[in-house]
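Two complexes come next, and they have one chain in common, chain A, joined by chain B in the first and chain C in the second.
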Partner chain A sequence: MSKKGRIPFIKAGAFVVAELDPIVAFVANKGVTLTEGLDTTQKADMRAYMSLVSNVLANAELYVSWVDRTTYEEVTMSRYGSVHPWPLNHILTKQKRQQIHRRLKVLGWKQKSLEEVYNEVEHCCSALSERLDKQDFFFGKRPTELDALVFGHLFTLLTTPLPDNRLATIVRSFSNLVKLCQVIERDFFERNNGGSSSGNGEGDYDKLEDLNQLPM
Partner chain B sequence: MGTLHAKSPEPDEAEGPKMDLQALKARVQRVHVDGLARTKDDLVINTVRDVFTAQDFQSVILKIHEVRTRLSKLGCFKEVGVFIDTYEGPDALDDGIEVTFEVRELNLLGAKVNTSVGNNEGSVSTGGLLKNVFGRGEELSCEYSHGTKKSSSFFTTFTKPFHNDAATVLSGSVYQQGSEAPWSGYKELDRGVLLSLAFDSAPQVQQKLVLEGVWRYLSCLSRSTAFAVREQAGHSLKSSLRHQLFVDKRDDAVFPTDGVAFTLKNELAGLGGDIGFLKNEVDMQVNLPLPADMVIQGGVIAGHLLPLRNNKTHCITDRFSLGGPTTVRGFEMCGIGPHSDGCSLGAEMYWAAALHAYTPLPLLHRGGTISEKFRLHAFVNTGNMGDFILTDNFKENLRTLVRDMRLSYGAGLAMNLGGFARVELNYCIPLLVQRGDRPSHGLQFGVATDFL
Partner chain C sequence: MMELHVWEGEAKYGLPSMDLKSLQMMAYVKFSGAPVTIIKSSNPFKSPTGKLPVFKCTEGAFSEFSEVTTFLRKQNFSCDYELSARQCSEVVAYEQLMLEKLYPALIYLWWVEPKSYYEVTHKWFFSNMPFPHKFWYPRRYHQGYCDLINSMFDDPDDSQLVETELHKQAQECLTMLSNRLGDREYFFGRTPSTIDAVIFSYLALLLKVDLKVPVLQNHIKACPNLSRFVSKAIQRFFPSEGLRGAGSRESPGKDDMPHKGRNLLLSGLVALSAMFGYAIAAGLVQVDMGEPPTEEEYDYEYDDYNNEEGSSGE
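And then the complex of A and B:
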């Protein structure tokens, strides 16, 4: 869809804008921004946390999906390949796997063990949890890009059934993060889910099949 | 041309200035073929066998000429020379003749480098070929080309001719080819295998059966590519069986003055992979000579794509496109039919017709190279395309096909390029245009081998 095949993307008239940062910049160009109320320090803070999320959570998702053998064979292979006819499903999945492996190798993630990856995720979540504390959103009463990014990753981790559910378990152990996900889902995505999930307990998160943001 | 050395056979009969060669008895008793190395004997023997049937000197000469032509067409030799001598063996007859074919075989290895410009891209291609690999005219060629837009493509083809009456040729290729369709805003990378069998079923009637499997990757070409095109981007796998029939009874391929040409193409896709359709296309051209070297030419092309009713799909690259200097003049390339944000989306059905009047350049004497190479022409082009829904009612169908049709007319200069392609420079006036079309009023330039 987007020129380089990146997600997420938005379509605004004739424009197709892909990935979070260009989308935020594009929307800001039109005079809509979520960070008006923040001072410079807070903005820098937000950027730091965003890069933490992109570095840790995104790579951990890639690691679990493509490097961890069980998950790769049981989930990723069919999830990535099933839309293509034989033999393309195998070829393309292998290609993608190589590409991800190369990337993780450069970033120093491929050498890690699964346990180390889980630890990284836990550290990242606890940092986020500390920052969030008891507020509604990361920076007070109004959501920012950071909330969107965190929601995107955590919601996916919570709702995607995997052979090893450690990631979901780790996230669930931080109750304020789970609450953030619930609030965002209720306030911004209620219409899509027909309102059925609002106000339900966190146990429902296991059953939700809303995979609108797959970890790629 | 080879050299022909013939000794005057009998001194008493060679006296007069006019010699009746048919009355001169001659028999070929022995044939030598000199210079064979890789080429297999059975192929050569089968080819030269014909000369033994000749009974008189004239037919000997004719048969030898025929055999010489066939030898040079085998794809094994670069030169064929002929020597004719009287046979002087122990069992020699009075009119015995000995024929020697001196052949020089093609080098096993060949190489080529060429550059080409087309489709807004220049490219350099290099290739190597192995000729006459197994001694029966087989050829293995590899070609790699690199374009200025970073598209790289290669072809590896093995060709095996069978040297029978139907001129059967079997060939197989493995290829990768990149192409761009700026009028639709996508680029395509094809990787595939081809198996094709070509044969003549009658003089000037060629048929071709092709089995193809191709992995296609469509991607978005620019930022302005329409969303309707982006939706179709991605990988797809097509396997298809194609049948092509070519009948060409014209007297010239570029500027014919008389004769009919007809092409029929059928393609059934969906033997494997996710693409499935049945596609039929016809192309017909009729030429009528008029006085004063004028020629009237009528042409019709039409195509129909039928999606298969199963879980197979088809995408933009399978659909037809119409318009441009080689089809309906007066429109931009693929400028007819459904568009979205300036990108042509193609359609499942089209037809187009053209009427041309050709005349040589005035004020030049006939037969000169310039007047041979150039023609003036005036034309009327018309056509229509869309996803028409046809019923059983013939009149209704006709109305559907003619509704909203496009029409353009104009005149221009056409040039013969190397005897196989044509260059046209025309002034075009589009007359009937529909919403969404991209007409092109004014001068239009086109180069192609096939024109409507």
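And then the complex of A and C:
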């Protein structure tokens, strides 16, 4: 459905817009923006932190999913291929793996060890945690696209079960980041479900409070 | 005992080094005041690890900027003493911003865009590197960077689209940096920090070298605080390069002329001799070797011979 096959995408009338930056720009064209209260310095800072998340967290996720042998065999292969019939599931998964490997190689990530990747994630979360400090959101009382981006990545890292839960452990060690995710989940996602958390349709994901009770 | 081996600079541009990582490391070393010996070279195979740049110290040899800064900080040579924890996190974020938005445009303009690559970058590396590395080393970088740019776009063959998109991202980034710097001397106040070293390296390479696609150079010139930032840093921390650059900029053409004339003459002579030699070998031109006999001498010998024949025959 989406141009170039990219998700996520939104469909508004005749328009189909994919990926975060174009969606934000499209919505801004309609007069809706989250950054009207920010001055130029804060907007630059916000963009810088968004680059940090895109460069580090996104590439670390790709590395763990597609380069780390254990995770690839136990999780990624079945997850990626599950929507296609045999033999497409094998072929497409292998193709995607080669593409990701090539991309990570030119970016200098494929050569890193798993330990170095975990250190990069920790360094990144430390910088984000430092910036967030005791505030509700990164830039004041209202969330911005940076909060949305951070929520997307951290929520995934916290709630996706992997053979090695190091990533979730690293994120959980920054309590203000976990709190940010909980607040966003509560204020923006639970409202749609009418407060219910189990079984039916959109509520079908692990809630952050439940996960906090799992052994670390 | 600390040594930093870096790529050579270019006097006519007033650049301390022609390489991004080398510039970053040199800038950090100068900003922090660490007693490091800087050794310039255009032969990576002469360096301790076979690569440039490399920082050699008691703990080993480092090739990455982050490794160098971590080591120097441990030795109490830090640029970031005055920064708060939040500002330190901003340093991390801005490094990634430049990596995402400015780095692709920089390597595209230097190493991928054909006119600039062949007429500026390749030319410089070819004329400065030793034989035989000059024939294959720059091309390897060119190939690597082409792969990087190709991996970023769905349709990398559409060079117009690629160039437009890269310029757009880079210009947005430069504008953000300019807004962030404002009227300040350095990004976080009166003394330069790690982020100033990184920003300096990007801006110097884009501003000081006259590439064939000058879009970003013009953008930086249009942000006076960014151009000032670069010139002041060079003046203060790399004074020898700054002076040489200012001097040779006035007469860029003259240096080339004598060599050009001589080379032209030599090539002409070689071509002429080659053509002449071929003409002789093919018989198109005949050259008499030695003095030709005069007419009297020739007849005299012939008459003698005939007389002898006649007398012996009868």
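The definition used in the following text is that the second predicted complex is superposed on the first by the 191 of 216 C-alpha atoms of A that agree within 3 Å, B and C clash if a C-alpha of one lies under 4 Å from a C-alpha of the other, contacts with A are read in each partner's own complex, and residues count from 1 in each chain.
Going forward, contacts are C-beta pairs under 8 Å (C-beta built on N, C-alpha and C of every residue); 3 or more make two chains touch, one makes a residue touch a chain.
Note that the structure is a prediction, hence the values are computed from the model and not measured.
Three-chain overlay on chain A, with chain B and chain C fitting side by side and no clash.
Within the superposed three-chain model, A:Ala28 lies out of touch with both chain B and chain C [touch as defined at top]. Once the two structures are superposed, chain B and chain C can be ranked by residues of chain A touched, with C on top. In the superposed model, A:Ala12 makes contact with neither chain B nor chain C.
Minimum Cα separation between chain B and chain C in the superposed model: 12 Å.
In the complex of the two chains, the chain C residues touching chain A come out as 85-86, 88-90, 92-94, 96-97, 99-101, 144, 147-148, 151, 154, 176-177, 179-180, 182. Within the complex, the chain A residues that touch chain C are 4, 40-41, 43-45, 47-49, 51-52, 54-56, 102-103, 106-107, 123-124, 126-128, 130-131, 133. By the touch criterion given at the top, residues 215, 219-220, 222-225, 227, 230-231, 233, 235-237, 272-274, 341 of chain B touch chain A in their complex. By the touch criterion given at the top, residues 1-3, 5, 11, 14, 16, 84-86, 88, 92 of chain A touch chain B in their complex.
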